[in-house]
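Chain naming follows the written order as A, B and C, and within any one chain the residues start at number 1.
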Amino acid sequence: MTFDGASFEAREINAWRGDRHILRDVSFSVSPGEFLKITGPNGVGKTTLLRVVCGLLPAETGELHWRGKSIRGGRDEFNAELGYLGHLNSLKADLTARENLKFLAGLRQSLTAAAIDATLDRVGILSRGDLPARSLSAGQKRRLALARLLLADAALWILDEPVTNLDTAGIQLVETLIVDHVRQGGLAIAAAHQRLLDDAPCLRRLELEP
Amino acid sequence: MKWTWFHKLASPPHAYRILGRIAPWFGWAALALILVATWWGLVKAPADYQQGDGFRILYVHAPSAWMSMFTYVVMAVAAGVGLVWRIKLAHGAAAACAPIGASFTFLALATGSIWGKPMWGTWWVWDARLTSELLLLFLYLGYMALRASFDDPQRADRASAVLALVGVINVPIIHYSVEWWTTLHQPASVTKLDKPSIQLAMLIPLFIMITGFQLYFGWAISRRLRGEILRRERNAKWLEEAA
Amino acid sequence: MTRTPTTEAARLVFVRDVTLAWRRWDEVAQPLIFYVVVTTMFPLATTPDLSALRQIGGGVVWVAALLSSLLALEALFRADVEDGTMEQWVLSGQPLGWILLAKVAAHWVLTGLPLVIMSPIVGTGLGLPVSVWGVLMLSLLLGTGTLSVLGGIGAALTVGVRRGSVLLSLLVLPLAMPMLIFGSRAVSMQMDGDSPAGPLQLLAAIFFMALSLGPIAMSAAIRISVEN
């Protein structure tokens, strides 16, 4: 799957949380094949920036451009090409792993049972497919959330602390997924504390300062 | 380009200054007109041949009822402007309207009740206008309660704006349904607290009072909006410089 | 893979909610039990005389139905907002109004519809004759449907607010008064031998208006609520 023509740009983003001016004139761009890692101390606004990029938080000033055009007025089209992995896993405890994918990722793409199984296998929880999500460990829940992201078939990945609760194998999985994604021409933006593809050629950094 | 004056007005420092200057004009004019209307209504206008002197409270009741609805519409329009064009001052105006509107509604209910007592012997009657005013009071109280329940001021502004818009659509529906409800048992009369047969002499104090109330609204909202601006901009530089 | 059409997305959300409710059916039963308990309170508070109860029976059934519906509405969006599902819906690329409407529809099927079906039973306890059952059920069908939408707007606004259920009632009940007037009046008119067509048509008009404008207000309210 290739994503041609996809590029993302943020210009002069300013955002407030309550009274705090948390993002000041933040600008950056991401091209196909690039992975932008956003770093900075706690509370500096990494999550805020990612949520502004998604459109969940309004920015006071500034513009966001996708595929060269402003996303204003075309939110749904932009969202259709965007996959967001936030702090929360967006899982229903009473649904099985398979059902979780069917009912959430299935809103975006028509999913076959085979596709769901293949994705569960890729993230390493195929054996857990029919267990209710509440019985999964924290790491397995994060992997399930990754599966949802994979099934979204999105050009732009937005990841907020993606390796939370994951062991070494899990971190490697995330790195592999990101590398595969950008190799196909996708884009990825992630906020992370830890080492995440720090030596990869596709990596670019954005350091937020308080 | 011709919208610059509008955006200038919407800037807090400007609005603060302008409101500060016009408020006293509104205030004194309002006081003058309300006093004139009160004197006219109490003293000069003739007594109604049917209801005697008791109906004179109409001169306060009817204008307050009118103002309670007017204020709700202003509040909803301001909230809508704030929501659609993201102008913070408009949200401040909506917030300022709510207590003023609720007070007018309460005044209408109180004067309606006082009017009803000597005529019908009870402190409350399920008359169409009184019932509508009561439901309007609930809408105001709900709006203020929703605002108060948020810690984040932007969320408070935007959520209450949605509520105000939903409410303003409902106000005509509520009115019509309450009217219909009261006619079911007494097909003859529409409102018990209706105006007695109107003579020109009665219209004059009524209009003067309504105008006085409108000016009062102007004064009250100028003062409240200034207060809102102070509260919202308390960390801003221009405030430090002005102080 | 192809993009899911909006109607299919709405269907998935509807099925999901019904599936989830089915696994916690005890929670679904609570509003129904409340309904019966509240209507029982009125004869106990006034008189066992059915001919006297009949005078206000239509109104009591309506008030009880509205209050019972409201009970279940407070939690309509809370779980989904708290676990992050709602923000995924906002970002799904599907029109948010349709998704929320599907959720409201599921809620109505699980709460409002059972209330409607139970209303003749409850109405009989208040002296309502069989002749009004049709009008009672039809009026409640429209009324509970409208209330689900209005309540959805209120629930979307108050998600995450402390003591949200009381605030929700305060916001929604005044908006529901017109329906209450028309609905209970339709039942009384039917009982008196008059045609209830007038109020029923007004109820239907309110219902369709809520159905068309409600999703817009709900979407706006939800977007505000997921900001954090």
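By definition in this document, a residue touches a chain if its C-beta (ideal position, glycine included) is under 8 Å from a C-beta of that chain, and two chains touch if they have at least 3 such contacts.
It should be emphasised that the depicted structure is a prediction, and the values quoted were computed from it without experimental measurement.
Number of steps on the shortest path from subunit A to subunit C, with steps defined by chain touch: 1.
Central chain assignment: C. Criterion: smallest distance from chain C-alpha mean to the mean of all protein C-alpha atoms. Set against one another, A-B and B-C show the most C-beta pairs in contact at B-C. Comparing the centres of all chains, each the average of its CA atoms, the largest separation from subunit C belongs to A.
Rounded to whole angstrom units, the spacing between the C-alpha centres of subunit A and subunit C is 36.
Centre-to-centre separation between subunit A and subunit B, using Cα means, comes to 48 Å. Here the spacing of subunit B and subunit C, counted between their Cα centres, is 32 Å.
Residues of subunit B found to touch two or more other chains are 152.
Subunit C has residues 227 in contact with two or more other chains.
Looking at subunit A, residues 58 sit in touch with two or more other chains.
The part of subunit B that touches subunit A in the complex is made up of residues 86, 151-154, 235.
The residues of subunit C lying in touch with subunit B in their complex are 153, 157-158, 161-162, 164, 167, 170-171, 173-175, 177-178, 181-182, 185, 202, 206, 213, 217, 220-221, 224-225, 227-228. Across the interface of their complex, subunit B is touched by residues 16, 18-19, 58 of subunit A. Subunit B contributes residues 83, 135, 138-139, 141-142, 145-146, 149-150, 152, 155, 158-159, 162-163, 165-167, 169-170, 173-174, 176-178, 180-181, 184 to its touches with subunit C in the complex.
Looking at the complex, you find that subunit C touches subunit A at residues 1-4, 8-9, 12-13, 15-16, 19-20, 23-24, 79, 83-85, 87-95, 99, 226-227.
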